[in-house]
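So, here's a batch of structures to check.
Next come two complexes, and both contain subunit A; in the first it sits with subunit B, in the second with subunit C.
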Partner chain A sequence: MGKQMLNALARLQNIDRRWLYLTLALACLLPFVVKMRLPVYVSPETRELFNAIDRCPPDKVVLVDSAWDAGSLGENWGQVEVVFDHMLRRGIKFVVISLDITPLGPQFADKVISKLVASKYPNRKYGVDWVNLGFTKGDWQAMQQIAKDIRRQYKRDSRGWSLDDAQHLPLMQRVHNIDDVYMIYSVTYSPMENWIPFVHGVYGTPIGFGCAGIQSTTYYRYILSRQLVGMLVGVRGAAEYDALLYPDPARRTSLGTHLIVPQAFGHTAIILAVVLGNIGFFAARRRGGSR
Partner chain B sequence: MSGRRRLIAAVTFLAGLYYFLEFIVPPTVPWRTVRGEVVRVGPKAAVLRVGRRIKTVPIRANTIIYRERPTGAPEKVDESVLRRGDRAVVGPTTYLSDWVTDVNNFFVVLGAMAWGMGLMSLWMVHSANIRKRREEWYGSVLFFAAVAVGVIAGLGYGSAGGPLKRMNDVVVNDVLRPMGSTVFSLLAFYMASAAYRSFRLKSREALLMMGSAFIVMLGQIPIGLWLTHRLPEPLWLPVMSQWILYIANSAAVRGMWFGMMLGAIAVGLRFWLSLERGAFFDAKEL
Partner chain C sequence: MTNPAPWQIWLAALVTLGIYSYLWNDNRLYRMLLNVMIGLGVGYSFIVIWKNVLGPLWWQPMVRGLEAVAHGFAPGSAGALWILVGLLGTLWYFQFSRKYLWLSRIVIGMTLGAGAGMTFKQQFLLNAPQITDSFRPLIARADGSPLLGGTSAPVSLWMSVNNIIFVGTIVCVMVYFLFSFEHKTALVRGSAKAGRWLLMISFGAFFGNTVMTRMAVFLERLQFLVDDWSPIVPAWFWALAGATVPAGVWMAIRRAAQPHKNEGDARE
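Entry: the complex of A and B
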């Protein structure tokens, strides 16, 4: 290979970072301009979570710990959206809490639910089909209290109604402790592992997680040991769940489905940048000198 | 050792001791506890079937009753709740578990107070900035304005309508949401730049790492499936990615966590016994 060619290739390891930023931004923006769909592979952890929620008996509720806000909205919004969609469609009752991480959690959960109710499920009613209990402090201590008697931790819901108010919160009249909860689904950037020893370990309640992609690597071991029933991993998990919920791609409208294509292009741009950097590195080494 | 330090060390030790003892000491006195199937219960005694024998256990002021849930987890109940056929544990209390709710509440309240203390600390720092006209003191004015707007907007959460509700929507939807997402999304650019600059194939280990990173990254996105869907299924990138995440990654994470937890036990002991150096009081006493 000629020296000029090696020199040109060697420059690939020193591309100005602003070009990288621009390429990444364009790669992520492109799918918003040119609409496209790509096939989705449904991973076992998503399928297991879907099946677990689908098996919820009519006399129980799903407890959703939705403790995320704008920072991880890109990944967590889609993860709660598809699960709420599933439960509202099947008539599975659910109780939303927001444990320990962000006081904005209940508000973001409300936004997701109200959007779904307004667009797809106008007959579902607050207090009857779901309740949002709001934010609370306390790590495993709060989990213990909720498991033993939910009223020890929450006297009122996020709107200020007493949990014993049968007129506004009829759903809560049959939810007292962990015996009334079929499973717990915890969604945040990095869900609290204490759900596993303090609730699953003591009461056997199935636990599911929705987490940021980067955090997921620490949770796979719990799926292998059956301490987690399933998990949604980042945008991918939300898109996969949406694919299970709506086999017809034209009916998929969740944020996860919308974001998986920009994410795919973003990942590809990063991989290409690393490959180019290494081509430059080897060209420089062959030419002599690392720079 | 200052008085405050002694107090904190004592409270830390007692709190740790309580949770340790509560974990290892049974909730009822073991040699006076009866576990069995409920035959009948009255206000003064419970009759339990233990194997083939029938035992009558007196119910006194210090007696506690646990009903076993289907999972075997104990649930503290009054005698009036017990029904024939329930599995129950009846015995005199060791008192430790009776306090767990109060101690848990104390912890939850402390956690909430920490947020208030954080706000007070910010108040002190920023009000001093304004009083002493320190450099960029106007940033502190903005801080107070932002807190005031946030508190007022928070009052609108849950309202059906009205100006507070509109203010809440503006603060959450139009300010916090785009700002939070923007700050977080900057990570993608830094990560892309860092990966480009530092990920070089300088050794076999780096090759292994890059190979698995590419498989996992492509396996996470539909392009991975699109690239390999004509190959046999075990060679699909998402399938290979799953193998790496479930098997190789889980093994490594488990090993790491064993090490980390051993370290955490050592650090926990040091905190419990207030042996940790370099803490707030050490700095003050220097």
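Entry: the complex of A and C
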């Protein structure tokens, strides 16, 4: 290879980072402008979570720990959206809590549910089909309190109704402790592992996680050991769950489905940048000198 | 839940663009917006924690208890004991006093004691099933049971290979972390080297997932800008952007041609 060619290739190492940002932004923007779809392959951890929630008996509720806010909205919104959609469709009752991480959690959960109820399930009612208990502090202490007696941790729901108010919260009249909870689904950037020892380890309640992609690598081990029944990983998990929920791609409307194609384009741009950088590195090494 | 007003969308869009201006370079707008976000978060958290946690779980039971005490130890007086929790909590603030620092050690000791007890239970219940799960049959049946003493399910090649990789990975990585003796024999050296490669593969998975998360955060904002903000942007704004963006690109080209400055220099 000629010296000139090597010099040209070696310059690939020194592309200004702002050109990379611009390329990445354009690659991600393209699928928003030109709508397109890509096939979605469902991973085992998503399928297991779907099947677990689908098996919820009618006399129990799913406890959803929705403890995320704008910082991880890109991933967590889609993860709760598809699970709420599933439960509202199947008539599975659920109780939303927001444990310890962000006080904005209950508001975001309400936003997701309101959107679903307004667009798809106008007959579902707050207090009957779901309840949002709001934010509370306390990590493992709160988990233990909720497991033993939910009223020791929560006196009122996020709207201010007493948990014993049968008129406004009929659902809560049959939810007292962990015996009334079929499973726990914890969704946040980095779900608290303490659900596993302090609730699953003690009471055997199944636990599912919805987490940011970056955190998933540390949680996979709990799926292998069956300490987690399933997990939604980032945008991918949300898109996969949506695919299980709606086999017809035209009916999929979740945020996960919306973002998965731009994400694929963005990843492709990053892979290309990594390849180009490596070509530049090896060209520089062959030429002699690191840059 | 009502839809946001146009001014709210504009505010969110400008804050988003202001935060992303950091990609161009560190700047005052970015730092100001960052501080505003932190301030809003802390202020909001304080109010919500008082309203949802400290108010109903500590302050109100304590006030009711004190009132009961004031009425001649009426029923519910035990709630007054919550005042002790408040007093214990305030001991933390003696960290700021050199003279009474020892008082804070009382509550630190209690916290450490509770933490140690909790950690014992947590680690045991979290990791014991992990250890149990790492014992896997190298020749396994389709349902995961071992060849000898297992069920009547047929032997599964896929399950067996999976278990061999799983157990082999654990052993190799653990050998890599045996630092208390020299890796002399070929077997130990080879296992440690394989362990290092396997660790590298897992770090690659970490990196891939990191990219995925950062990308998702960006994509959500991009979707907001495209779907929510751009429809309400007037034509003159696009014209202005159309005139300034090429100028910005031109400046970037000129800047790239100059000697490269690293992040630290830029901040200075």
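Operating definition for what follows: the second predicted complex is superposed on the first by the 291 of 291 C-alpha atoms of A that agree within 3 Å, B and C clash if a C-alpha of one lies under 4 Å from a C-alpha of the other, contacts with A are read in each partner's own complex, and residues count from 1 in each chain.
Convention: a contact is a pair of C-beta atoms (placed from the backbone, for glycine too) under 8 Å apart; a residue touches a chain by one contact, two chains touch by 3 or more.
Note that the structure is a prediction, hence the values are computed from the model and not measured.
Participant: Based on the shared subunit A superposition, would you classify subunit B and subunit C as clashing or fitting together?
Facilitator: clash
Participant: Of the partners subunit B and subunit C, which touch A:S216 in the superposed model: first, second, both, neither?
Facilitator: Both partners, subunit B and subunit C.
Participant: Contact-wise, after the overlay, does A:M5 reach subunit B, subunit C, both or neither (first, second, both, neither)?
Facilitator: neither
Participant: Touch test for A:A166: subunit B only (first), subunit C only (second), both, or neither?
Facilitator: neither
Participant: Determine, under the contact definition given at the top, whether A:G266 touches first (subunit B), second (subunit C), both, or neither.
Facilitator: Both subunit B and subunit C are touched by A:G266.
Participant: Identify the partner contact of A:L104: answer first if only subunit B is touched, second if only subunit C is, both if each is, neither if none is.
Facilitator: Once the two structures are laid over each other on A, A:L104 reaches both partners.
Participant: A:K137 in the overlay: touching subunit B, subunit C, both, or neither? Say first, second, both or neither.
Facilitator: both
Participant: Considering only touches as defined above, state whether A:R156 meets subunit B (first), subunit C (second), both or neither.
Facilitator: Only subunit C; A:R156 stays clear of subunit B.
Participant: Is A:L255 touching the first partner subunit B, the second partner subunit C, both, or neither of them?
Facilitator: After superposition on chain A, A:L255 lies in contact with subunit C alone.
Participant: Could you say whether A:N278 touches subunit B, subunit C, both of them, or neither, answering first, second, both or neither?
Facilitator: A:N278: touches subunit B, not subunit C.
Participant: Considering 4-12, 40-48 or 58-66, which region of subunit B has C-alpha atoms that clash with subunit C after the structures are aligned on chain A?
Facilitator: So the stretch of subunit B colliding with subunit C after superposition is 4-12.
Participant: Following superposition on chain A, which residues of subunit A contact subunit B and also contact subunit C?
Facilitator: Comparing the two interfaces on subunit A, one with subunit B and one with subunit C, the shared residues are 21, 25, 28, 71-74, 104, 111, 136-138, 153, 202, 213, 216-217, 221, 224, 233-234, 236, 263, 266-267, 270.
Participant: Quick check on the complex: what are the subunit B residues that touch subunit A?
Facilitator: Against subunit A, subunit B makes touches at 69, 71, 73, 75-76, 100-101, 104-105, 107-108, 111-112, 115, 157-158, 168, 172-173, 176-181, 183-185, 188-189, 191-193, 195-197, 199-201, 210, 214, 217-218, 220-226, 229, 236, 238-239, 242, 245-246, 249-250, 253-254, 257.
Participant: Applying the document's contact rule, which stretches of subunit C touch subunit A when the two form their complex?
Facilitator: Against subunit A, the touching part of subunit C is residues 1, 23-24, 44-45, 48-49, 52-53, 56-57, 118, 121-126, 129-130, 132-133, 166, 202, 205-206, 209-223, 226-227, 249, 252, 255-256, 260.
Participant: Spell out the residues on subunit A that touch subunit B in their complex, using ranges where they run on.
Facilitator: Against subunit B, the touching part of subunit A is residues 15, 17, 20-21, 24-25, 28, 38-41, 43-44, 69-74, 100, 104, 106-107, 111, 136-139, 141-142, 144-145, 148, 152-153, 158-160, 177, 179, 202-204, 213, 216-218, 220-221, 223-224, 233-234, 236, 260-261, 263-264, 266-271, 273-274, 276-278, 281-282.
Participant: Mind listing the subunit A positions that touch subunit C in their complex?
Facilitator: 14, 16, 18-19, 21-22, 25, 28-29, 32-33, 71-75, 77, 102-104, 110-111, 114-115, 118, 134-138, 140, 153, 155-156, 193-194, 196-198, 201-202, 212-217, 221, 224-227, 233-236, 255, 258-259, 262-263, 266-267, 270
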